[in-house]
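Following: one structure in structure tokens, then a few remarks.
The first chain written gets the first letter, and so on, giving A, B and C; residue counts start at 1 in each chain.
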Amino acid sequence: MEIRDLIDLGQLTQADTMQLLDMAQTVKNNPSYFIDHCHGNIMATLFYEPSTRTQMSFQAAMLRLGGKIIGFDNPGNSSVSKGESLKDTVKVVSNYCDIIVIRNPLEGAALAASLFSRCPVINAGDGGHLHPTQTLTDLVTLFFEKKRLEGLTVGLCGDNKNGRTVHSLAKSLSKYPGNRFVFISTPQLQAPAYILDAIKANGCEYETSQTLEGVIGDLDVLYMTRIQRERFSDAAEYTRQKGVFILDAAKMRHAKKDLTVMHPLPRVDEIAVDVDDDPRAAYFKQTEYGLYARMALIMNMLANKNAARPAVVQSTEPFVCTNDRCITKTETYLPKYFTPAPGGFLCGYCEHKAQ
Amino acid sequence: MEIRDLIDLGQLTQADTMQLLDMAQTVKNNPSYFIDHCHGNIMATLFYEPSTRTQMSFQAAMLRLGGKIIGFDNPGNSSVSKGESLKDTVKVVSNYCDIIVIRNPLEGAALAASLFSRCPVINAGDGGHLHPTQTLTDLVTLFFEKKRLEGLTVGLCGDNKNGRTVHSLAKSLSKYPGNRFVFISTPQLQAPAYILDAIKANGCEYETSQTLEGVIGDLDVLYMTRIQRERFSDAAEYTRQKGVFILDAAKMRHAKKDLTVMHPLPRVDEIAVDVDDDPRAAYFKQTEYGLYARMALIMNMLANKNAARPAVVQSTEPFVCTNDRCITKTETYLPKYFTPAPGGFLCGYCEHKAQ
Amino acid sequence: MEIRDLIDLGQLTQADTMQLLDMAQTVKNNPSYFIDHCHGNIMATLFYEPSTRTQMSFQAAMLRLGGKIIGFDNPGNSSVSKGESLKDTVKVVSNYCDIIVIRNPLEGAALAASLFSRCPVINAGDGGHLHPTQTLTDLVTLFFEKKRLEGLTVGLCGDNKNGRTVHSLAKSLSKYPGNRFVFISTPQLQAPAYILDAIKANGCEYETSQTLEGVIGDLDVLYMTRIQRERFSDAAEYTRQKGVFILDAAKMRHAKKDLTVMHPLPRVDEIAVDVDDDPRAAYFKQTEYGLYARMALIMNMLANKNAARPAVVQSTEPFVCTNDRCITKTETYLPKYFTPAPGGFLCGYCEHKAQ
């Protein structure tokens, strides 16, 4: 795996992914072998918005490898609140550490950070844009539970419109042959067209459903996400619909014996607690597997810390990104970086349309 | 010591306690022998309410053993503020660590957490209910300073009504022969009847006093706690009384040469600073000894991490706990767990009456 | 270096400083040699006001030496907010650790802490008073970039009136022969007389300038600091003047080829980003060098942890410090400590006049 920074899971070839999955398996089988593997190395976790879960999973991964941790999770309490630029923070912190894990509410922030870092950067979430280690965790979970990433019927139930993890998992899995997708949600929360197009372009099939109960019997994998109350058109509609997309022991009776139930967590009530002790419930194991996935990733990236960064070619055209949540809106010194796309150009940071 | 989780000091036999005290002594005498003892292990400190002092003492203990630390101390800043259940947090975090230290404002929270944890759980305070490592620290301090836990006249001065640490220490010490207790406070803040009954049942004697000066000369140990201003009936009463229960150099002149003065800290003004340099003042040493106590405890618990958990037998009776600060009030999925008591049943989590 | 606590850089002899610079050089050249040097040691970072940058630099330094970290950065969230005295916190925490790094908004706080600590104390900033490791970082940067601390023409541009780091650096460098200082700022923000007097007393020369452009060509070193908008007499004056003291690529064209540009960071806009890639810009390297400086300091102090503390002789005179931001105003139990000065006495903690 010859990449320095992990911003987008799309950077990885299938061979890269398989290498990470194999390494995660090795770590799972022999954790004690790795307890000093990153001795002498420091990870900085720069969390510009709090995410205790994600931060602890990265910290535990680094500590399990014998490394150490610095960082912040409360920018209101740090120099960054005094108006320091992302560039300056990254310039300084990358002098203190060997690998940076960054989470930031602005889209494109991780790529922007990687431009100024002396050490590898892992994207731990840049707004609603990308969160590659969540998807890597999902792939590792399938690999451990199903022993394969292909020939699976995968149900995706919940908010398929806004769910970043759902989009990323569907895109990733559609690159493997024989996968079939069932998008289960209300009409308003169906997967966007570009995701469906990507699945078709990769040669996979999909269908949609407005009930979970009707399709659960067909599924090898059921990936649950939360539907936020605010997404429903009105309160009556919410009350009428919400039960349809809640997984409980009753619905599990219609499912295959070897179904794998996943959830990126935290859950609210979209999976009833009466499912927790079902052997098909994999959502807590998923967090354990995510630890192995992150350990494999960290080892790979530290081994490749001198890999070349892809050049960011500065545009000479007067493009402006149209996305208000793009990192270029606040970090105005960033090089203008746009990539060609059908009908125009996309912002190289957040992948929204440029004008 | 064959327990997996330390929720209540009452779980320990006297032999268990003596084993911990001996181990604490060994650690005190040879700290350098233990600097890698827990190498490769991670402690998670889950502090649902801030307690810097307690959290630092556990962290220092784990680090002194060569272990590592993850955790949070600011739940408003973490996933748990997004409505995640205690169960889910513990399920996930126990995948990341080898031992959990939990502090929570709700009574019974540590026991509840232990039901879902894959690794040992230490109660670092569950509301006003239990705080076993504070009492363990107190016992270790007596063991180091007095060389015995028996035949002691122990003064307990301050808020004996509401003081969790006072109750726990008195109950623990009353199991050793020849101890005598002097409860020193205002009439409104005397020790509750069930504590006095427990002392009598264990064969120890006690008396009460409304002045410190009159009894200080009899004491081998003086355990000071704070009387909060709000506990007094009115401001005039507070002004009139407060000096009576403040320990200062003048009162120390009436005390034995080998008195041991203890305090769980932090203090406000119930011990004057002119006592700090008196060789009988043990309250700062107490925090050092607490470090050894926690190191001994952590080593023991990691060695017994596969010990059986006591079964929590779910009640089939329709009992409801009467305590509004009980963990069962908010974590409604918890198994109904009640224990028989004279005249009815007690909640198995918080030990309040069930109805 | 035979000091136990580092409160003020003035405690160090030139031989002490040179020893630290040499050690920092060794660390820079052979970082892997030191990765276990402080194995088994714990640093406590007690940050009574947040300073993510400074705290991370100390943490990284300790971790790079194989040590471990406890501490707080958010006193509103810790026991100290419950009214605990500085003395009690230091008494307790120094039982948990081997070295304390303290930052506190009150002047003299670090010295006060050192009186009660069982282990060495490093001052990481006590209000506007002292911040010795910033100046140590500046000296190490000059040593690495210029290979000497003497015979330098040093420009100090920005707020020379209120800039603590500027005063400390000028005082330190004026002890070396042949240094010349150019103070560049508005008339209102010129360096105070006692700094200029100290420079003269040490046999160095200085001049003042109200433009950067006019003098930049003479400089070997340019130390930039921020001029806060509030420092200008009115908004119009601010708008008229601010560009004069901003360093940008245009002004850099007038500078020597081997100029070294420094800044204590964080910057706002006093250095334009078009200077960042200029090889003469040393302000990001400065943070890396600060890491080596702190590593050298920590090793020295842990090696001398049993060095004698200078006695603080309690005054019998009824002096009172006149400085409202002095630590003696809130920590009233502190010993009265005053030092003779021309025309009266100075507070031993904050160095303000006593009455």
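Convention: contacts are C-beta pairs under 8 Å (C-beta built on N, C-alpha and C of every residue); 3 or more make two chains touch, one makes a residue touch a chain.
Please read these numbers as outputs of a predicted model, since none were measured by experiment.
Interface note: chain B and chain C, two copies of one sequence, contact each other through mostly non-matching residue numbers (shared numbers fall below half of all numbers used). When chain A is fitted to chain C on its Cα atoms, the angle of the rotation, on a 0 to 180 scale and to the nearest 5, is 120 degrees. One simple way to say how far apart two chains are is to compare their mean CA positions; for chain B and chain C this gives 42 Å. Contacts with at least two other chains are made by residues 74 of chain C. Those residues of chain C lying in contact with chain B across their complex are 39-40, 42, 44, 68, 70-72, 74, 77-80, 82-84, 87-88, 91-93, 95-97, 333. Remark: chain A residues 32, 35, 50-53, 56-57, 59-60, 63-64, 66, 73-74, 265-268, 273, 276, 284-285, 287-288, 291 touch chain B in the complex.
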